[in-house]
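In the part that follows, the structures are each spelled out as structure tokens.
You will see chain A twice below: alongside chain B first, and alongside chain C after that.
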Partner chain A sequence: MEWKLFADLAEAADGRRVTVEVDGGATVGDALDALLEARPALADRVLDDEGDLRDHINVLRNGENVFTADGLDTELEEGDELALFPPVSGG
Partner chain B sequence: MSLSLDATQLDRYSRHIIMDEVGPEGQEKLLNGRALVIGAGGLGAPVIQYLAAAGVGTLGIVDDDVVERSNLQRQVIHADADVGVPKVESAAAFVERLNPDVTVETYETRLGPENVGSLLEGYDIVVDASDNFPTRYLVNDAARLAGVPVVHGAIYKFEGQATTLVPGGPCYRCLFPEAPEPGTVPDCATTGVLGVLPGTVGCVQATEAVKLLLGEGEVLEGRLLFYDAMDMSFETVPYRRNPDCPVCGENPIDSIEGIEYAGGCAVEAE
Partner chain C sequence: MQVLSLVGSDAAEVAARLVPRLDGRVATVDRLPETDSGAKMPGTAASFGLAPNGSWVGAGADRSLSDLLDALAAEYDFALLTGFSGVRLPTAVVGEVDVDGDSADSASTGGVPEDALLVAESADAVDLDDLARRLDDAEPHVTLDSLVRAIKGSPRADRAGAIATFTGRVRAKDGDDDPRTVRLEFEKYEGVAEERAEAIRRDLRERDGVEEVLLHHRTGVVEDGEDIVFVVVLAGHRTEAFRAVEDGINRLKDEVPIFKKETTVDGEFWVHDRP
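Then we have the complex of A and B:
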């Protein structure tokens, strides 16, 4: 499963694309856990003190915001594209 | 059809007027249009340039900075001779040279909770070309309360985001309920920014602003546009209204009083 990372998240992860291995039947949350385990600096950037994903971090599955559907419990399918994006503020 | 466009205007805007989607009526809408541009920097420069060229009749410009030499790599309405001059002044002079039809209203001040209400008053649309989260959240909240659409654009190094926040549609907080804590995301001065990047994103914002004033086309309502200059790719991602959104949800705030526009810019539950 491949994650695409936007803006400063790509720097925290040291790469714009990170591939993670997950088992069949895994959820978006499982793929996120695998990503953050592989990239601890990204975990520091996107998780709050309780270990929850910060409110301003959005998760996309195939270009759709997962939080408008089943959130991190969304089951993955073969070939899904996952992405994490933060807001940016430059002007 | 009543025509109030004079011969010079018919000539100046002929490439607009000849199109059915604009026509003389559309051009009059632009000339009667009032847009407030927050920030006359990287994004604001192309926004101001194209809105002025398009004949948007009144351009309000808010900025409290002066032009610095390091701005000139991207802020195309300011010139070398403007270094040290307030950006609103330099921007107004640029517009004056470009199009005498446009009235510029300059506000050499920092947008804050205390003046945002009076600054928004009388404008049809707001273009958020600011460079920091507190201003962006303040613009979103105050404009939504005032029922004014916001054309949002923001940049980071080689990437840009744009969306249009229209009353009735989702707002910026539906997408990003709170800002990252200060220091989490480095700013342009620290990270650098590709000079052309705000040109592309600002032109997207100017396009959205013109469409809103014309009432034509599909704006980026409920869609976030990502632009990646390195990949040269554009993607749009849909997003929805959040029923729990403190600004446009089921129990919305009725004023910005008490919201701390610093840090995470959170709207605390009452």
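Then we have the complex of A and C:
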């Protein structure tokens, strides 16, 4: 499963693309855990003191915000595209 | 308008071979040595000649490459540049590059950018269809004028009595003591950014009285004073045009995954990290 990272999150992870291994039936949360385990500096950036994802961090699966539906419990499917980014700041 | 800067000893040959493969109106711009303006009457900035059949010639003084591209963008679909080294534009390098040559306008790359669309040993080694495709996919040169002109050409223009626009540009200072902003750099989530922008465009266009909507946001480096983003609305009357422009830029800033890194005279930072 490949994560796409943007802005300071790509800098913290030292890369815009990070591939993680997850088992069949894994969720977005599982893929996030695998990502943050592989890139601890990124974990410091996106998790709060309780270890929860900070409110302003966006998680997208195939271009859709996962928090509008099942959130981190969303089950992954083969070939999904995952993305993690800070608040948008265009314009 | 798609812009291609061709450099190297075979640049002109590749430009000539590429033209028939491009779908649209093509302009070429050749690098000239330092020269007199060519304006015919002393004291004037430019001279033009126009024939009854529409043929014309022009010459003048005091024009930068970016000014010229801005002017061409409203009228042409492609601009092929030959002989300009070290410019920050989609570039093809063909043949030998004279590294000791004109480097006065070369920023730092010495004429061969790392992200060149194409590097080939000779004109014969260039896959022209592939180059044409890469050029179509490259970042276009868009100006407010080019969007206004395009929207006036809409099939729905007959119903429209108003065009309203918004232009977002690089603000050098927020206050007297604010360290001056030198440039912004925008990163985009390719694919998703276009989908979100298209959804906004579609929503606005479905409104009563709104005939057409165009949105454009530049990516990469945008210097102090340059334009960043445009929203252009063609509508029946001014009220719906103004509303759609305001809602369009607000939604674009809220919803489209684009990220801004600001460089000031004091340093650089991601804008979302600052209050």
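Some notes on this structure:
Methods note: the second predicted complex is superposed on the first by the 87 of 91 C-alpha atoms of A that agree within 3 Å, B and C clash if a C-alpha of one lies under 4 Å from a C-alpha of the other, contacts with A are read in each partner's own complex, and residues count from 1 in each chain.
Following the convention adopted for this analysis, a contact is a pair of C-beta atoms (placed from the backbone, for glycine too) under 8 Å apart; a residue touches a chain by one contact, two chains touch by 3 or more.
None of these values were measured; they are calculated from a predicted model.
Comparing chain C and chain B on the residues of chain A they touch gives the larger count to B. By the touch criterion defined above, A:86 reaches both chain B and chain C. In the superposition on chain A, A:63 makes contact with both chain B and chain C.
By the touch criterion defined above, A:8 lies against chain B and chain C together after alignment on the C-alpha atoms of chain A. Within chain A, the residues touching chain B in one complex and chain C in the other are 6-8, 56, 58, 60, 63, 85-91.
Interface residues of chain A facing chain C in the complex, by the touch rule stated above, are 4, 6-8, 56, 58, 60, 63, 83, 85-91.
Listed in rising order, the residues of chain C touching chain A in the complex are 168, 186-187, 189, 191-192, 195, 217, 228-229, 249, 252-261, 270-273.
Contact residues of chain B toward chain A in the complex are 39, 41-44, 129-133, 136, 153-157, 159-161, 175-180, 184-188, 193, 198, 226, 235, 237-240. For chain A in complex with chain B, the residues that touch the partner chain are 6-8, 45, 54-56, 58, 60, 63-65, 68, 85-91.
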